[in-house]
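Next up: the structures, one after another.
Two complexes come next, and they have one chain in common, chain A, joined by chain B in the first and chain C in the second.
And now, the complex of A and B:
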């Protein structure tokens, strides 16, 4: 396939990724500040009776769950992806410059940061965040910093396979500027697939992290570690849907919506990685 | 080449420091936050006055005094008592129950992951199966964990934790750990990638022409990286164990850490995080020993008979 043909083949993935993340941001933008008043007469109504997604056990629209959940996690997840992308680019560029001492320090720091299970560090951070200012942001950034060494390692391996500092010297000999070498050839052409994939994966992991932490808090009837009590996470959908699984409540539509939203995030993450893959 | 011992040495030093550094940093964090540590750990509206609490928990001696007292107790197996989660219960007792449970869970989860690694090394797991593992690995632990919890609850009831129900929770949790969040997929593709890259080296081709096997030539050279990957997999499983244990109500270390965090029980979190640090340190030691053994093996001169 020609270069133009291959570029064209990435369009569907790019469009899918844009649609997925766009939907997430639109949901977040439409999130109401507070939960609506309960209406027990509409409890467990299906999507047909209460469009678009049906109602929860108190007759509140599941649309609110979808939008408020998106508002909790959309920006922190994107921020986490951005942090990982930035650090991965740093790791790749350091290897490409051939700065052995700095490279050694980066690897050493990666070993130290990666020595503990991520969830342990995340929970410790959650513990020290004051209860009245809880949000997903500190946990997302912590997760990103813990995931960064792997991304930096992979980006550095790509830069090494490229030839490292010899590649840079060769392009300099052709008269290319430093900006063109590093931004276009190293980051744009070579590191891009790794950096984008790692960023997308970490964004997805942050979404799953929020879901898990919020679900467990809900199950334990404790305040969430990631958001204020006035806001409902997507974990609420899973929690409501779980009753359909175990005690046959009429909440299958809540579970379907929760799983659908998870599939949306997973699909968008895969699509963005596919769209950024190497030619 | 002459400094092959630096990496294992750094790992050993890190392994020694980790169990001390984790509780020390946690302690410092509490003092670094604005406000009185006793009030942060247990707000006055919940625990009453903070002066008495500070004295009882040795918080009035400052961070160093508190840490000295806690570490001296911990060295003798005395981790103090739970402050909020299970008020008054010895944290050491909770740890004694939790650590073996988590180790069993990890061992069970290690079975499919280990089989996957062996299958990838020996080629019994074809590369064609990788997309299937990849798709399975996309499942988050929260989703698979909920499915496993529902199955256990339907089969044994919500309040069943002993006998068969306990084992069902452990096996279900282990399968969730192994298959979710890309644990098995990462282990299989990572191992396969390592070995296939090494197998393309010229020396392997020459060895095969001499009648030697690919595996006997590649294994010593990929062993350090393989051990490193395996350590990362175990850390991944340990991290996932927090969610899985809490979801499936398995009384393990992850569940203890989760309970301590959600109840803001600093005493429990301090002990549980330290136990996780000890496990991580043990993994670092294993990796360092493996690296040393491989380095010694690779550097051992081949025996050549005298003419």
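And now, the complex of A and C:
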């Protein structure tokens, strides 16, 4: 690929990622605080009769599901990505500095944390959080901390491939300051693809975690572990849409919207990783 | 006669329990090749780093003086550093930072592991050109000129170091070393990892490119044939008493 081709290959995926995450945040910003009143006469109306996405089994707009669902998970997912990115950068920089004792301690902690069963720990945290403070934030941060050792390991491996102190030494001999060497040359130019990909993956995992927990709660007719009962998760779309598959209810549009939103998050996450890899 | 580019006198550096180098004297004149030779463990790379103001051993600098007479004949850069330990050495590192990559530049040993694997060769050369006091009219044209000067195809600018051979990496490192138009180039064993034919080509290219820029060259090498062929002055290092001498 030519140099010009490489330079511009970042833009389509970068724009796609920005559009995806932008849409998620816009949805979250427009989320109403409460569900609208039911209107049984409009039950299962399609997008043509009730724009933009149609209605649910009680005649409530699916737009509310999309926006409230986004408000539940957008910021916790981004926070989880940020936590993982920060810890991955830490792991990479520690390896690049050649601080053997700290690196050993970080690796040891990583092995202990990495060995914990992630889903079990998340469920324990979910049950510890008082019912009236239910939120995705503690679960997202827990998930991020449990996912961090893998990200730190990968970032450290990249830093090691740089040649460790020899690479730093060469840059220092060129007159670059320590801040510029570590922040720009090591983190910015070399760790960036790994850090961004890991952060995007963990953000996406938090979205799936919320969907899974909320779907289980809906299926078991129990209160959600991730949000108050006054708001609807995207899992509600999947739960309603599922009836179209099994008993031929007219809820196909709900399933399409739920899957479309999942595709939006997945696409945005993949696009972020691709944009970070491009030069 | 123009002033020497660097004068290093009585360099003595200590690590815990042993001397690393003792009483080393190096003078590099402009337009001249000075070779720094010695067996492994004699402190060649350490001396080169000390000459750039990069000291990173504790307790570190015990004796010595460092002057860049072409810049300021009276200033001893080691003033306040001798016996000062890591903190004083960190101050020296910061004080000499503006000189590195501008007044003097460094072509590292094993260039393939010292180049930034995440940046294209062109980006790295451009970054080094950016350290000149006066930037060129066209950065792209200057990068192309430098790559041609070291015998690389200008299309190499779009390649990452991992996509190049060892010889090409060494040439790219050379282009980066001369890109800031320094007055002194320090080349640390530029022949490492190269076959005899390529070794000769790279060192001759090094001398040619450095001298065409009117700079002085401090060549660190343990190849006697290279040194005897191109060096105008030779500084021989021996491991200090008590230090293990490797074969």
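To be clear about the criterion, the second predicted complex is superposed on the first by the 272 of 279 C-alpha atoms of A that agree within 3 Å, B and C clash if a C-alpha of one lies under 4 Å from a C-alpha of the other, contacts with A are read in each partner's own complex, and residues count from 1 in each chain.
In the analysis below, a contact is a pair of C-beta atoms (placed from the backbone, for glycine too) under 8 Å apart; a residue touches a chain by one contact, two chains touch by 3 or more.
Because the structure is a prediction, the values reported are computed rather than measured.
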Could you tell me if A:123 is touching chain B, chain C, both of them or neither one (first, second, both, neither)? first
Does the superposition put A:176 against chain B (first), chain C (second), both, or neither? second
Under the stated touch criterion, which partner chain does A:185 make contact with: chain B (first), chain C (second), both, or neither? second
Partner chain in contact with A:215 - chain B first, chain C second, else both or neither: first
What is the contact status of A:44 with respect to chain B (first) and chain C (second): first, second, both, or neither? neither
Please work out whether A:143 is in contact with chain B alone, chain C alone, both, or neither, and reply first, second, both or neither. neither
Most chain A residues touched (candidates chain B, chain C): B
Shared chain A footprint, chain B vs chain C, residue numbers none
Where on chain C does chain A make contact in their complex? 49, 52, 54, 93-94, 97-102, 105-106, 108-110, 113-120, 122, 128, 131, 157-158, 160, 176, 186
Using the touch definition from the top, list the residues of chain A that touch chain B in their complex. 108, 111-112, 114-120, 123-124, 126-128, 130-131, 205, 208, 211-212, 215-217, 219-220, 222, 225, 235, 238, 242, 245-246, 259, 262, 266, 270
Complex contacts: residues of chain B adjacent to chain A: 10-11, 14, 18, 22, 26, 29-30, 33, 138, 140-143, 146-147, 149-150, 153-154, 158, 181, 232, 235-236, 238-243, 246-247, 254, 257-264, 266, 269, 273, 276-277, 280, 284
Name, in rising order, each residue of chain A that touches chain C in their complex. 2-3, 6, 161-163, 166-167, 169-177, 185, 189-190, 192-193, 279
